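Below is one structure, written out as structure tokens; the observations come after it.
For reference, chains read A, B, C and D in written order, and residue numbers begin at 1 within each chain.
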Amino acid sequence: MYSFKNDYSEGAHPALLKALTESNMQQEEGYGYDTYTQEAIRLLKEEMKNPTIDIHLLTGGTQTNLTAISAFLRPHHAVIAPHTGHIFVNEAGAIEATGHKVITVPGVNGKLKPDQVEAVLAGHPDEHTVKPKLVYISNPTELGTIYKKDELQALKEVCARNNLYLYVDGARLGSALASMENDMTLAEFAAYPDAFYIGGTKNGALMGEALVIVRDELKEDFRYSMKQKGAMLAKSRLLGIQFTELFKGHLFWDLADHANHMAKKLQDGLADNGVTFLAKASTNQLFPVFSNQMIQELQKQYSFYVWERVNDDSSAIRLITSWATKEEMVDQFIRDVKEIKTKFEKKQTTFA
Amino acid sequence: MYSFKNDYSEGAHPALLKALTESNMQQEEGYGYDTYTQEAIRLLKEEMKNPTIDIHLLTGGTQTNLTAISAFLRPHHAVIAPHTGHIFVNEAGAIEATGHKVITVPGVNGKLKPDQVEAVLAGHPDEHTVKPKLVYISNPTELGTIYKKDELQALKEVCARNNLYLYVDGARLGSALASMENDMTLAEFAAYPDAFYIGGTKNGALMGEALVIVRDELKEDFRYSMKQKGAMLAKSRLLGIQFTELFKGHLFWDLADHANHMAKKLQDGLADNGVTFLAKASTNQLFPVFSNQMIQELQKQYSFYVWERVNDDSSAIRLITSWATKEEMVDQFIRDVKEIKTKFEKKQTTFA
Amino acid sequence: MYSFKNDYSEGAHPALLKALTESNMQQEEGYGYDTYTQEAIRLLKEEMKNPTIDIHLLTGGTQTNLTAISAFLRPHHAVIAPHTGHIFVNEAGAIEATGHKVITVPGVNGKLKPDQVEAVLAGHPDEHTVKPKLVYISNPTELGTIYKKDELQALKEVCARNNLYLYVDGARLGSALASMENDMTLAEFAAYPDAFYIGGTKNGALMGEALVIVRDELKEDFRYSMKQKGAMLAKSRLLGIQFTELFKGHLFWDLADHANHMAKKLQDGLADNGVTFLAKASTNQLFPVFSNQMIQELQKQYSFYVWERVNDDSSAIRLITSWATKEEMVDQFIRDVKEIKTKFEKKQTTFA
Amino acid sequence: MYSFKNDYSEGAHPALLKALTESNMQQEEGYGYDTYTQEAIRLLKEEMKNPTIDIHLLTGGTQTNLTAISAFLRPHHAVIAPHTGHIFVNEAGAIEATGHKVITVPGVNGKLKPDQVEAVLAGHPDEHTVKPKLVYISNPTELGTIYKKDELQALKEVCARNNLYLYVDGARLGSALASMENDMTLAEFAAYPDAFYIGGTKNGALMGEALVIVRDELKEDFRYSMKQKGAMLAKSRLLGIQFTELFKGHLFWDLADHANHMAKKLQDGLADNGVTFLAKASTNQLFPVFSNQMIQELQKQYSFYVWERVNDDSSAIRLITSWATKEEMVDQFIRDVKEIKTKFEKKQTTFA
């Protein structure tokens, strides 16, 4: 059984484990004051060519989203997000648990549009409603699509005009910025949001997300928020060492490249065999459509999510590749699809 | 510079890193459903000889306390804790941030007494005050003292009589139960609280605390609370592997023994040199009293907290030993104290 | 300028003011223990023929909703409501501010359907999402429609099957149960929800809502929740006296009857003049459709909300009647509509 | 049975009820936009000679405290209060329920001292603790003592130096400023706090507190906070009319004067009969010490709180006077004390 279910099935890239092991008995300060966390922050600022940003290392996506958003907002503020937004769908009401409503709009291919933001504002005119204050998007989106420069620019502008914060969930930001369709470096990307995070968990780390706070007014006392939400590790070296390894050279980008490349290969191979997709993959997520019979066969050897019903006979599944995906398993999956298809077609011929 | 500042200065016991490395490329489910987490839970239930308890692995002490306590209480419920309670002093208001007041009483040597619990109840008679519902203690306490069987029994009884939950913060539970003064096994200890956690971070793990929920009514839907508070790791294997290593044999107890043994050696060696202490050490924390001049000298070579002023000329410092404390550094510290003392005495003789 | 904007434009029914004045210098206990609050509770239990329910008097609808719902739910629980639900649209995120997500579905004429509840449950299968626990509806709905017995029965059943609480916002419950289409007494109605409130503010009181808790497990410690949310009046007599006046005879129902009767008269009179409506009025809210030109004319003499755009030339407005609506103003409004219409038609004829 | 238990036993001053009755059928806007609320705000600004302050009318003290404090603070901020602070003792954890810790210090006669504020700050140095941000005091205190100009000035300075907000709970502010010991007008008083409220409930209103926000940065969006906490009345006229009546002439001050005068008369009369007090009364609260036997006798005719045990044989009771206290009952109480004393003394003589 091989898993294309997600991008957190394996441990960490071996270089990270090696660094953890080699530094293990060195005594370090805790709670973010270890030398490795400081070095990771230095490397990230350098990569973003911006010494004025604040960077904090946290352990997971939900934790980062809830700690950041609850620190940034006053009690009557609300978040605007697309229907597919991870904070709305898959975080057990974590944002609401900190007191804030998440207002959603349909989005287009998982992406939020400036006029949707303005429509929300028009519908929230006074104190009988909440006050929208933060726009939440993910890059890539939950559907694997990515934002281009001009789309971010347009969102930045609608936010600036309306005194809103722009926050980007970057659980898979590596994959977005390594996408062939992407038109930005990390440094260029970092000019758009007021805050965002760079996901480590889904790109080679055991765990770890680097929160980047760009806007000055959001920086104050953030360490208090981390401590209060249980988001500050005593042995912060664990995060510092991993992000240092990922960003001291090109490892972070190489891992994202591999994930995207495996997705591309999988897509091309399936397309060659007549498979169609819900949408074209930009990153490391694919949504191929198969007959339900085919899905049952594939489930005997592969693990993946059945994403949505397409019609009575067929459904889209979600395949995710990662830094750890083995190319031979991609090849094998394509071969298996081809083989099962042929078998089914023979059967049909036989019965016909 | 050698640190006796805390018990989280080093990484993890090498056996844990080895296990992480060896299992690294194995594909596993996430969010607590990996085989290692399941195995760790099995081992812990076996160690506690109780198959009916629920066990969840979280990443840190503050996170565990806030997730558990907020899950157990209704909005008008409050916590009773000693003044020194970690949740009251050192967690940035994490419990209050989930909506619950922490009512404190002075405690005796860091320990809470049953009559203090009853005094709090008497002072909170109706809906103009909060309703005390959960008693929070730490074992060992923040002062390094431990609870004996009869003390826990008495607290359990006062809680039962008044329909209160008893919760034990076990950040250093290993050290408490490995103490020479302790009179309980983990299995025996587990019969007293309604819930408690077994600390991994301060006893050899990179991070990780095992929350044990004993009382049935507190078990329901706990995974929702973990997810909502950002306390559920995608790569939960990271916690599962470490707790499996700690509890598949005696490693957890061996590490706690080492920490306590080093503390004992340090205490005896200092006492032999005429050093006095705030209190006798039961676990891995010592509070020796030194002249301020001596403290300044020691700070040139060692890192530790100055705990409290004793008089104009002297203060107590806190020394913490751990699974990673090197015996040679304990010996060195004792020698250094002796040497500096002699030097000071000579000076005084010279001037006299 | 006469207002049909809402049902809280005037003070209180004179009988309530008289009772307040007459009892004014009598010394009474506070915080719900005054003799009047006790009498009001007795009268309400008698009216509902149910001595086992708990009743609490609060000051307003948002306050009642947030105090009750936050008292009933655990932190990971969510509410299911129709899109038009007052808690979702018009309470400034009050429910989310207590930590709970409100999940909405479109509803049909403002009403929630059992299959919609089940669809929400199907979409919230595990701890990655919140856990729906309470179904919120309003009777009448925000669109003025009412629930019939069989509809409540069906909702009650879907809630029972799925272990959900059914909560009814009764800000205008008087108007719903006084509706000609209604098929229940208050006592019969009270058999369906687990908790609901009977609105006083919009039916003749200065302020005041009577929360009724039917389900035993929701009753415990509710006074703590009231105090904690600032929802307990020192001079609770103010609420007790008003509800006693409303329910010691038929005043509450007479006032609701008047409001509904005025709405009916307004509807019939407008229909006779060719006016159409978004929907047929069941209670004290009407949504007639007028040309934008007509609306501008009417706004010179009447105050009301423009509810929604119908097409480029016309919009629906909302007219609300109340216990205080003067019949002569209803007649006047109908005459004015007729007159303006005639004037416009003449103009058109002239130009044609 | 006559009650000296509190200052909310009667309804409202008759002038307020008259104004409510006379304006009753006038149609008004709601939610604070009625003409009476606007007039009350104008009168209050005039009284304070400060057109730049913001004023909001709320219904009760706990509601005002929780709405204001939660609006002013970020999640990691805490409140500093004296042990006797109403928010700490008697509001069911309302502040903690909004997420904020209340740090208390002993206080002196119920009053907070600047060096106590600085000691709290010294004990909260970094993100492992909460960040103190708001100083909460009451004037008069819970013990009936009042702050003088120089004391407020000193607190204002310590707050300014440390970037803290100063908030004054004025549930009985009328009584404080009408005290013979007081050295400030309301306008002068208003120069010290960043925000405070003027209590109506305990000084002649049915309910109502006027929150005054002085500091600009605390003003933004306060109406959102009111709505979200259920603290905005639909029929806000109810509050507007009452505050207009209280402040259009001297009624507010006359009522406070009466309460204080009655307390003074009671104190003098009791002192003349040899009664001692916990402290000298500055406002409308007295704490006379009686034998427990005497207390039992008095309880047959009067209702009051037994405040605290003084020794095995005697206790202090709390007597509160108000705008509604009848002078004849004050005289009667003094006579009764005298009479009972004489009776007891005779008995003792008999037995001796």
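Heads up, the rule we're going with is that contacts are C-beta pairs under 8 Å (C-beta built on N, C-alpha and C of every residue); 3 or more make two chains touch, one makes a residue touch a chain.
Everything numeric here is computed off the predicted structure, so don't read it as measured data.
Of the two chain pairs shown, B-C and C-D, the one joined by more C-beta contacts is C-D.
The greatest centre-to-centre distance from chain B, using averaged C-alpha positions, is reached by C.
Work out the mean CA point of chain B and of chain C, and you get 53 Å between them.
Per-chain CA centroids place chain B at a distance of 43 Å from chain D. Once the centre of each chain is set as its mean CA position, chain C and chain D turn out to be 35 Å apart. Under the contact definition stated at the top, the residues of chain B that touch 2 or more other chains are 75-76, 91-93, 97-99, 127-128, 130, 224, 227-228, 232.
In the complex of the two chains, the chain D residues touching chain B come out as 75-76, 78, 89-93, 96-102, 127-130. Taken together, the chain C residues at the contact with chain B in this complex read 31, 70-71, 74-76, 98-99, 126-128, 130-131, 221, 223-228, 232. Partner chain A is touched in their complex by these residues of chain B: 2-3, 6, 8-12, 14, 17, 20-21, 23-30, 59-67, 91-94, 97, 201-202, 206-207, 224, 227-235, 237-238, 324.
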